[in-house]
Each structure stands twice: as C-alpha cells, then as structure tokens.
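Both complexes shown next keep chain A, but they swap its partner, so chain B is in the first and chain C is in the second.
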Partner chain A sequence: MRDYVIKRISQGILLVIVVSILVFAMLDLMPGDPINIMTDRKVSEEVKEQLRIEYHLNLPLHQRYVIWVKDMLHGNFGKSIKSKLPVMDMMKARLPVTLKLTLTALLVELVIAVPIGLLAAYKKDSIFDRIVMDVSLFFTAVPSYWIAVVFMLLFAVKLRVLPLSGFSTPLHYVLPVASLVVSGIASTIRMTKTEVLDVLREKYVLTAYAKGLKKKSVLVKHVLRNALILVTIMFFMSVPWVISGAVIIENIFTIPGMGQMLTSGILNQDFPIVQACVFILAILTVVCNLICDIITAVLDPRIRISLGGEN
Partner chain B sequence: MKKFLYNLRHNRNLAIGTVMVLIVILVAIFADQIAPYAFDDSYVAPKFTKPCSDFPFGTDDFGRDMFSRVVYGSRISLRVALLAAIIEICLGVSIGLLAGYYGGNLDRVLSFIGDLTWSMPPIIMSMAVITVLGKGLTNVIIAIAVVSWASYARTVRAKTQSLKNMAFVETGAAFNETDFSLMVRYILPNIVPTIIVLASLSIPSTIMNTTALSFLGLGSMPPSPDWGLLLSNSMSYISIAPWLAIFPGVALVFTVFAFNLFGEGLRDLLDPRLQSR
Partner chain C sequence: MEDTILRVEHLSVDYKIKAGYLSAVNDVSFSIDRGKVLALVGESGCGKSTVAHTIMRLSIDHNERIGGNIFFEGQDLTKISEAEMEKVRGKHIGMIFQNPLDSLNPVYRSGSQVAEALRLDGLSKHEARERVIQLYRDVQIPNPEERIEAFPHELSGGMRQRVMIAMMLARHPQLLIADEPTTALDVTVEAQVLNIMKEMCDKEGASVLLITHNFGIVAEIADRIGIMYAGELVEEGEVHEIFRNPVHPYSQALLAALPKIKKSEGTIQTIEGTVPRILEKKPECRFANRCPYADETCRFSSPEAKFIAPDHMVRCHKR
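Right, the complex of A and B next:
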C-alpha cells in the first residue's frame, strides 16, 4: 500500500517536471526571436538588448530553466508583457474566482447526477432508465458554450430575471454554474450508472439479498456505500475537466477568472501569463489524478488486496 | 455489408445516426446547390433581417444570409473532423503499434508520453500548442490532433500486445518476416475495425473542441462561416438578433449528436468489448 502511494507520488512529480520543461520551452519552440514577438518592429536594438537581459534570454537554455524554476518556487512567475503587472498578483486575484465557479458547479452536478444514475442503474431497462439515458446521450452532444448562449437568451434577454454577465452578486453565479452543470451532467450520470451496475452484480450484494435483507437496506448499506467511493473519485477526476469548461464559460460571461486570463494571454501573445496558467492548471490536474488514485487504493478493498498481494 | 444492413434495421442508434450523418455529409457536398447565396455575400438583405420565408435563418450584422453561412459551415466541421482524425490515427496507431510490439523501455517511454497527454484536459493543452503555433484553423486542427492521439495509442497498444503472441503472427515470424511487415501486414489488419470505431467516437469531441477554440477567437478567422465563429459573433447582438445564436448552435448539436449515435452504434456492431471503458 505504502509502496503504491510512493510510486504514484513519484510518477506525479516526474509528470510535473516534464510539464514544467514543456511549458518553459514554449517560448523557444516558437519560430522567430522571442524578443521580436514581444516587441514592436520600431523598438531600437538597445532596448531589445536590455529586454533580452531582463528576460535572461542571453543565457543558455538549461541555465534559464534553472532560473525560471527558482523564480517560480519563490512565487515569481515574471511580469505580464502587456500590463507589466506581476503575473503572481494577477493569479492571486483570478484563481479563487475560477475555483469558486468550478467547485460550485461540480457540487451541484454531483448532487443531481449521482441519485439519478443510482436510480437508473437500480431500475435498469425501466422507462425512467431509458428516458434518462436517451436524454443524457443527447446532452453529451450539446457544447457548454451554446448552452450558455441559450441560457443567456432565455433568462437574461427574454425573461430578464438574471444578469447577462459579470460576477459580483450570487445571482451572477446562476447562469455560468448552470451552463457548466448541464454540459457535464450527462457523462456523470452515465458513469454513475455503469459503476453502480458493476456494484449491483457483485457477489456481496447477492449475499445480502440471499440472507434476507430488505431491498432498501441492501441499496443503502451495501450499494450506496460503494457508490460513495465512486462519488469522491468522480469529484477529483472531474475537476480538471470542469476547469477547462470554465475557460470557455468565463469568456462568455466575462468573469474575471483564470480562463479569461489564459485566453487573452494567448490572443496578446503574453507568454508569462500563458506559461503560468498552463503550468498551474497542469499541476492541478496531476494533483487531482493523484488524489483520485490514492483514494481508490485506500477506500476500495478489492484494489487494496490486489496491491497487498504484490508485495 | 450485409451485416451492416441487418444491423441498420435492428440497431436504433446506428440507423438514426447513419441517416443523420448522411444528411450532414450531403449538405456539405451540395452546399453550392442548397445555399442560395455565397457565405460571404454581404447585404443580400438589410442587416438583422428576422427569419422569414426568403431568409429562413435571418441575416447577420453584414446582411449576410445566415442559412447559407450555416450550410457552408458544415464543410468546415467535416473537413476539420476528417483531417484531425487522419493525423490522430497516423500518430496514435504507429505509436501504439511500436509500444505494443517492442515493449520494454520503448513502451515505457511512449506510454508515459501517452499518459501525460491523456491526463491533461484537451482544451488547455491545445491552447498551449496554439500559443506556440499561432492562431488559425489549421493550427487548431494540428493542436487538437497532437493532444488527442493518446486514446488511439492506448487501445492499439493493448490490442497489439495480445495479438503479437497469436499463432498466425508467430508463424509469420518463423518465416523470417521483418518486424515492420509483422506489424503492418499481420497485426494492423486485425485492429482496423477498432480504429474505425475509435475514429467515429472521437469525431464528436473533435468538432466540439475545434468549434470551442474558434468560439474563443483562436481558430477560424472572419468571414469564415465556422459555427464556433458564428456563435461568438452572435454574442454581440444577442439582445437584438437572437436568431444568430440559435441556428449555428442547432446545426452544431445536430452534427455532434449524429456522430455520437453513429459512433456508438458502430461500436456495438464492430467492437462490443470496447464498451466497458
């Protein structure tokens, strides 16, 4: 068990290192001189030379990487080329907004999706199951940004009950969160159903029925308990995906989060911002996947046994 | 083919999906005949004309016929899906074959790269790739392909591993066939159905991701009738011309849903074991 956790963590660290090298190398992978990309054509050679020294572009690649990593470990992601503000300060203002949006969306999604998936699995092949499956198949085809546009049209333009954009009051949360939930909920329902069906086929569920337990207590004590493991895992597994959905949603509702920062960073070719955003999102993804694997190993007796059997 | 027709009658998803996919393909092929105007003909009517019998989808801020634009947009979506799928298949299948056939350290390295790209959300990854390559639809296609080949590589690798120890491959090896010939002439033909299923299952997400990137302004450039671009343009006029937001979205959902149904139906037909995950 401990060996497995150590192995997974070291894999995660390796991943982060590889990602950091890739993100760092982004600037050098670009065709052309980075300074020319950053500056206007009219800028004089002297100023360019100064910038080159400021961004350490005169040093060889590996030395710059070391400097970059050191800076990052001290919380220094460099300065934005466009606004000249430290990227770290921008990040501090924007990351919480994105996290608030995504975590709210995820919680709402799970609270709705898991009971529906559970019921669909329990009443497999009933009318309820078939309707849920057909509707969710349809919703996997609807992109989040169109849902957002339709919601805006309905609730903000036609009915005028909710604000069109911004992120200041709780009412502003409703449409972005709803768009994220609707676009992600279909796959969560389908995943819950598949997993619960697996649990229902387990021998211990059969045993529970065989020893005369009531249907309800089997469902709650045996099936739901295992389904809760699944919910925790699904929560962490979904975080990166919901965040990448939020990148688009933030742009639609002009929410000042990390997604908007990343998009405008790319459009303005503002490298320090893109590097910082991609790197932080990548670390977040690696950490979530790691937590996911470790929770599975700790909570799921079957995996625990198979891991124990290895040593 | 006979089996396909039989299944068409007995597999509801496949039947509906095939019809819907055919509709999209036909619209794309005959766009010149279906669309009354070219996609960039401006002021064929006053701007923001409401949907009516002459302009069923209305007109946009340049007085361009939305119906024609949406019809021509289908060509972009299909071309994107096809090109991305070809690049993904070339990358994913060759990497999967090599990793599965040779095993060992090569497999470990290739699988690590695969897991790396697999675990990151494709939108974020492709945004990073676009930063390096620059904006534009071609670069978006490359970016999407570069970040999503891993699903092919994974499946092909697993299949190759189980196939390479089969008697027919060992017979080939006994006849001094080269590694290349064993991979391409013995193993690959047995994986083709799986690749077809994977391709049709990945088309919906490819279309969704590329339109999303165009929506953000990183892909197609105006006056392209890319559905993502049409939607992002509609945002500025959402309160005065809501029809601009509705129709491109409906077309997009129709296309993605069509390939979803088609892909799932094809999977049940060709490779039911893929279903478990």
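Right, the complex of A and C next:
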C-alpha cells in the first residue's frame, strides 16, 4: 500500500510537470501580443520594450519557462498584466471561494442523489423510478445557466427570499449551489441507479438474503457498500471538472472565484493568470485522482491486494 | 410414518417474457423427510435451480408467476409475508449456491460474513467470533483463527464453498438447499467439500435438497432422486431403485449417457436434441420429440404422475 501511494505520487508529479510545460508552451502560441493589449497605442516602442523585459518576454521560451518555475517554487506566480497585482494574492482570495461553492454543491448532490438512485434501482420500473428518471432526464437536458437564471428570477426577484448575487453570507451561496446541484444531480442519480442494479444481480446479494438478513441490511450493507466504490470514484474524478465548470455560475452570480478569474484572464491575454489557473486545475486533477485511487484501494480489498501484497 | 420436512405440491413457475409466459417449472411435487437427502437431477435449463430459488423465494426480477404450494414444517411458504420469509431464510432453510467465487461479498472478510448470520440470533461480537472459528474447524478449514480474517479472493474455491457451508449451517437450519454446490470446483476438491457438507448435515440432522447434474454425487450421498426434464419431474424414487430400474425413457437415456470405464467403445451415449423452451402449455409429453417410444398419445396428451411402486413415481404414457 505504501509503495503504491509513493508510486502514484511520483506519477502525479511527473504529470504536473508535463502539464506545466504544455500550458506554458501553448499560451505562447496564442496570437496577439500581450504588451499591446496592456498599453495604449500612444505608448512608445521603448516603453513597450521595457515592459517586455520586465515580463521576460524578450527571452526565448525555454528560459522563460525556467524562470516561471523558479518563481513558482517560491510562491510567486508573477503579476497580472491587467491589474498589476500579484497573481498569488488574487488566487488566495479566489480559490477558497470556488472550493467552498463547488465542494458544497458536490456534497449536497451526493447526499441527495445516492439515496434516490438506490431507491430507484430497488423499485425499478415503479412509478417512483419512472418519475425520477424522467425528471432527471429533463434536468440533464437543461443547461445550468438557464436553471440559475430561473432560480434568480423566482427566489430573488419574485419571492425576494434569497439574495440575487454576491458571496458575503452563507445565504448568498444557496442559489449558486442549488443551480450547480440541480444541473449535476441527474447524472449522479442515473449512475448510482445503474451501479446498484449491477450489484443487485451479484450472487453475494442472494447469499445475504439466504442467510436471513432483512432487506434493509442487505441493501445498505451489501448492495450500497459495493455500489459506492464506483460512486466514490466518479465523485473525486468530477471535482476538478466541477471547479472549471462552475465558471458560468460564478459569472451569473458575480462570485469572484477561479472560474471568473480564468475567463477574464483568457479574454485579456493576461498570461500569468491563465498559466497559474490552468496549473492549479492540473494539480487539483492530479490530487483528486490520487485521493480517488487511495480511497478505492481502501474500499475494495481486491485492489488493495493486487497493488501492494500486504494490507 | 416418517416425518416430512418439506412438501412441494404441484409447483409451477412461469417467467413473464415479452412473448408471454415461459414455463420454467410445471406441476412438480415431491417431499423430503427429516434427515434425508433428495437429489434433483437434470440437464441445464430443466428448472431444477428454479425450484430451489422458488422455495427460498429468492427472485431477482419479480417477474414470475408461482402456482402450487410449498409446505415447510406445515407452513405454506408461498402464502407467508416477506417479513415472515426473512425469518425462515437462514434460520430454518439454508442455501448454498453454484459458484463459490462470487457468492461471497468481496469487500468483507470471510469470517465477518459468517458472523453476520450468527449476529441475527443475538450473539455478541465475541461469541459470534468464537462460533465462527468453531464452524471453520468443523468444515475443516486449516488455521481458522487466521482464515476468518481472509477476504474471499484470498481463499481458494474449495475454501470459499466451505465458508458458505459454515455460513449456511451456522444457524442450525432444518433444511439445506445445495444448488450445484460443487459444479465450479475441481474433482478432487469436489469430494472433500461434499463429504464435509454431508457430515455437517448428518451432525445437525438437517435434510438436504441437492440440485446437481452429476450422478456420481447422487449415488454418493442422496437417499432419493428426482429426475427433471423441461420443468417437469418425470421420475422420482429411492436412489437404488432408480439406478437399478429407471423407467422413464429420459431417465434411461440419462443413465445410459454416463461414461462407463468398462465399455471399450470410443463414443459417449448422448440424447438427441435439446431441452425445449416451453412457451405455451400444450397437452403433450414434453419429452415426446426426443423420445424413441413416442406415439400419437404422447403428442396430444400430457402424462399424469403415476406410481408404479408405492415409492416410485413416473410420468409417462408408455409405462
């Protein structure tokens, strides 16, 4: 198990390095000169040249990469071209906001979706199952921004029970979290249902019944326990996705999160910001994959054995 | 008069499929006496496993229609509620499945799965553990103290089936249903596992309903044998009687199909054709299309069960 974790961590580090090179190189391929965007047309060539030197844009790509990595290792992601603020400080303010938003949404989603999926599988083809499946099909088809706008109209404008936008109090998070949950919950319900249906067909479920266990114990101890292995995997795999996918919701509710920072960074060719954001997302992906692998190994003894030998 | 523990009367099971109902079991009646072993034998798909699952009321899809009665200790299992059935399963009737490889939950230690059954009877964790170790010893699992901590995939097929036997006999059921318990095992392991199962049942005084297609096993441990064909019980009687004097053409063909060492011929006897899927119940003998003796009567009327000796039932027009 320990060897396995060490192996996975080193693989992860390698992956982060590769991604960082890609991110760095690809931004360089983007058309347009960032210096032209940040300066007015009247600014003289000398001043522009000086700015280039300040941002190391006069150096070849590989040298710039080395400087970037060195700075980054010292906790310095450079300065934003647009706002002139250190990217690190901007990130520090925004990353927690995004994490708070998306992790809450994911947790709420799981807590609601898993029991519904379990019940829908257990009562397959019942009215409950059919309603759940139809409704979830509807919400899969509807984009999250539409739901967000409808929620805003309904709860903030018409009923005036919740704040329209912002992020200062927990109440402000209700609508954004709800929009994220509603748009993502359908797939989780469907996935849980499919997985539970698969497990229900396993022989050991019959064994559990045969030894005299009650339905509820069979469902929770034997069916759900095994179905949750896959659900956990999907959960952790979707964390980085949700963070980058929360962009739209963040924009609609004017929540200053990572997503908003990334989109405006791309639009302004603010390359230090884009590099930092993509890099952080890459690290998050790698970390989530790692957590996911370790948790699966803990949940499923078969994987544990095939990995390390000892448990 | 001997004490009957299980009496199945006119049991029929039809599975609902798109085209209508598929008759898996039709008008099957038999009974098992206390402490005895009845073997149900037949080709794949003849409905013998369906009989077993129906007695335990273990249905996955809930798409079947059940007719007839199953009396266990005087109680009709087809009539009682699911909650009452939960009290019968494990406590009064245990069941061992065909494939020990996937009959145990892969994420729990084998011993804890046996203990889970014992805990239903109110044993404390510690008592359950002690009892599981004892049970492992009874089914001859070496190093029981260590093996209870093993996950199913760390045990061989034979060991897993021993765990299943321990689990299913843990609560002292009066009847054990063994659905092809050794089909997935090596021949050498097969004999060991069977002997352990038989010994345990003898010790507990439990009756056994053994589902198999292996006549060797039947000869070894069964008291009575029922031969099934296409969902019907075609012949039933005492083991020696059936082996010596098979009356139904299907039983005769089945016994003739056993490879015999003495014979110098290079070919193995087979029965032409396959078991039909019965979609529509028609008045006919279900074996007619493969039977060498079949005539018009067989094709247009169903044979009734009749007793050619007080203890020997057969379902055939020609006998």
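Just so we're on the same page, the second predicted complex is superposed on the first by the 270 of 311 C-alpha atoms of A that agree within 3 Å, B and C clash if a C-alpha of one lies under 4 Å from a C-alpha of the other, contacts with A are read in each partner's own complex, and residues count from 1 in each chain.
One rule holds in what follows: contacts are C-beta pairs under 8 Å (C-beta built on N, C-alpha and C of every residue); 3 or more make two chains touch, one makes a residue touch a chain.
Fair warning: this is a prediction, and the values are worked out from it, not measured in the lab.
Chemist: Clash or fit: how do chain B and chain C relate after the overlay on chain A?
Modeler: fit
Chemist: Which partner chains sit in contact with A:V149 here, chain B, chain C, both or neither? Use first/second/both/neither.
Modeler: So A:V149 only meets chain B here.
Chemist: Identify the partner contact of A:L299: answer first if only chain B is touched, second if only chain C is, both if each is, neither if none is.
Modeler: Touch partner of A:L299: chain C, not chain B.
Chemist: Mind working out whether A:K92 is in touch with chain B, chain C, both or neither, as first, second, both or neither?
Modeler: neither
Chemist: See if chain A has more residues touched by chain B or by chain C, and give me that chain.
Modeler: B
Chemist: Looking at the overlay, does A:R201 come into contact with chain B only (first), chain C only (second), both, or neither?
Modeler: second
Chemist: Applying the document's definition of touch, where does A:K123 land relative to chain B and chain C: first, second, both, or neither?
Modeler: It touches nothing on chain B or chain C.
Chemist: Now for A:V286: first (chain B), second (chain C), both, or neither, which partner does it touch?
Modeler: Touch status of A:V286: first partner only.
Chemist: Touch test for A:H222: chain B only (first), chain C only (second), both, or neither?
Modeler: So A:H222 only meets chain C here.
Chemist: Per the contact definition in the header, classify A:A210: touching chain B only (first), chain C only (second), both, or neither.
Modeler: After superposing on A, A:A210 lies in contact with chain C but is clear of chain B.
Chemist: Compute the least Cα distance separating chain B from chain C in the superposition and give it as a whole number of Å.
Modeler: Taking the overlay as described at the top, chain B lies 12 Å from chain C at its nearest C-alpha.
Chemist: Residue by residue on chain A, keep only those touching chain B in one complex and chain C in the other, then list them.
Modeler: none
Chemist: Flag every residue of chain B that touches chain A in the complex, lowest number first.
Modeler: Per the stated touch rule, the residues are 112, 115-116, 119-124, 127-128, 130-132, 135, 204, 208, 211-212, 215-218, 231, 234-235, 238-239, 242, 245-246, 249, 252-253, 256-257, 260-261, 264.
Chemist: Enumerate the contact residues on chain A facing chain C in the complex.
Modeler: Spelled out, the residues of chain A in touch with chain C are 200-204, 206-215, 221-222, 225-226, 229, 299-302, 305.
Chemist: What residues on chain C touch chain A, complex-wise?
Modeler: Touching chain A: residues 56, 58, 60, 82, 86-91, 94-95, 97, 99, 102-107, 113, 116-117, 120, 151, 153-154, 164, 167-168, 170-171 of chain C.
Chemist: Okay, in this complex, where on chain A does chain B touch?
Modeler: The touching residues are 14-15, 18-19, 22-23, 26, 29-30, 137-138, 140-143, 145-146, 149-150, 152-153, 157-158, 164, 240-241, 243-245, 247-248, 251-252, 262-263, 266-267, 269, 271, 274, 278, 281-282, 285-286, 289.
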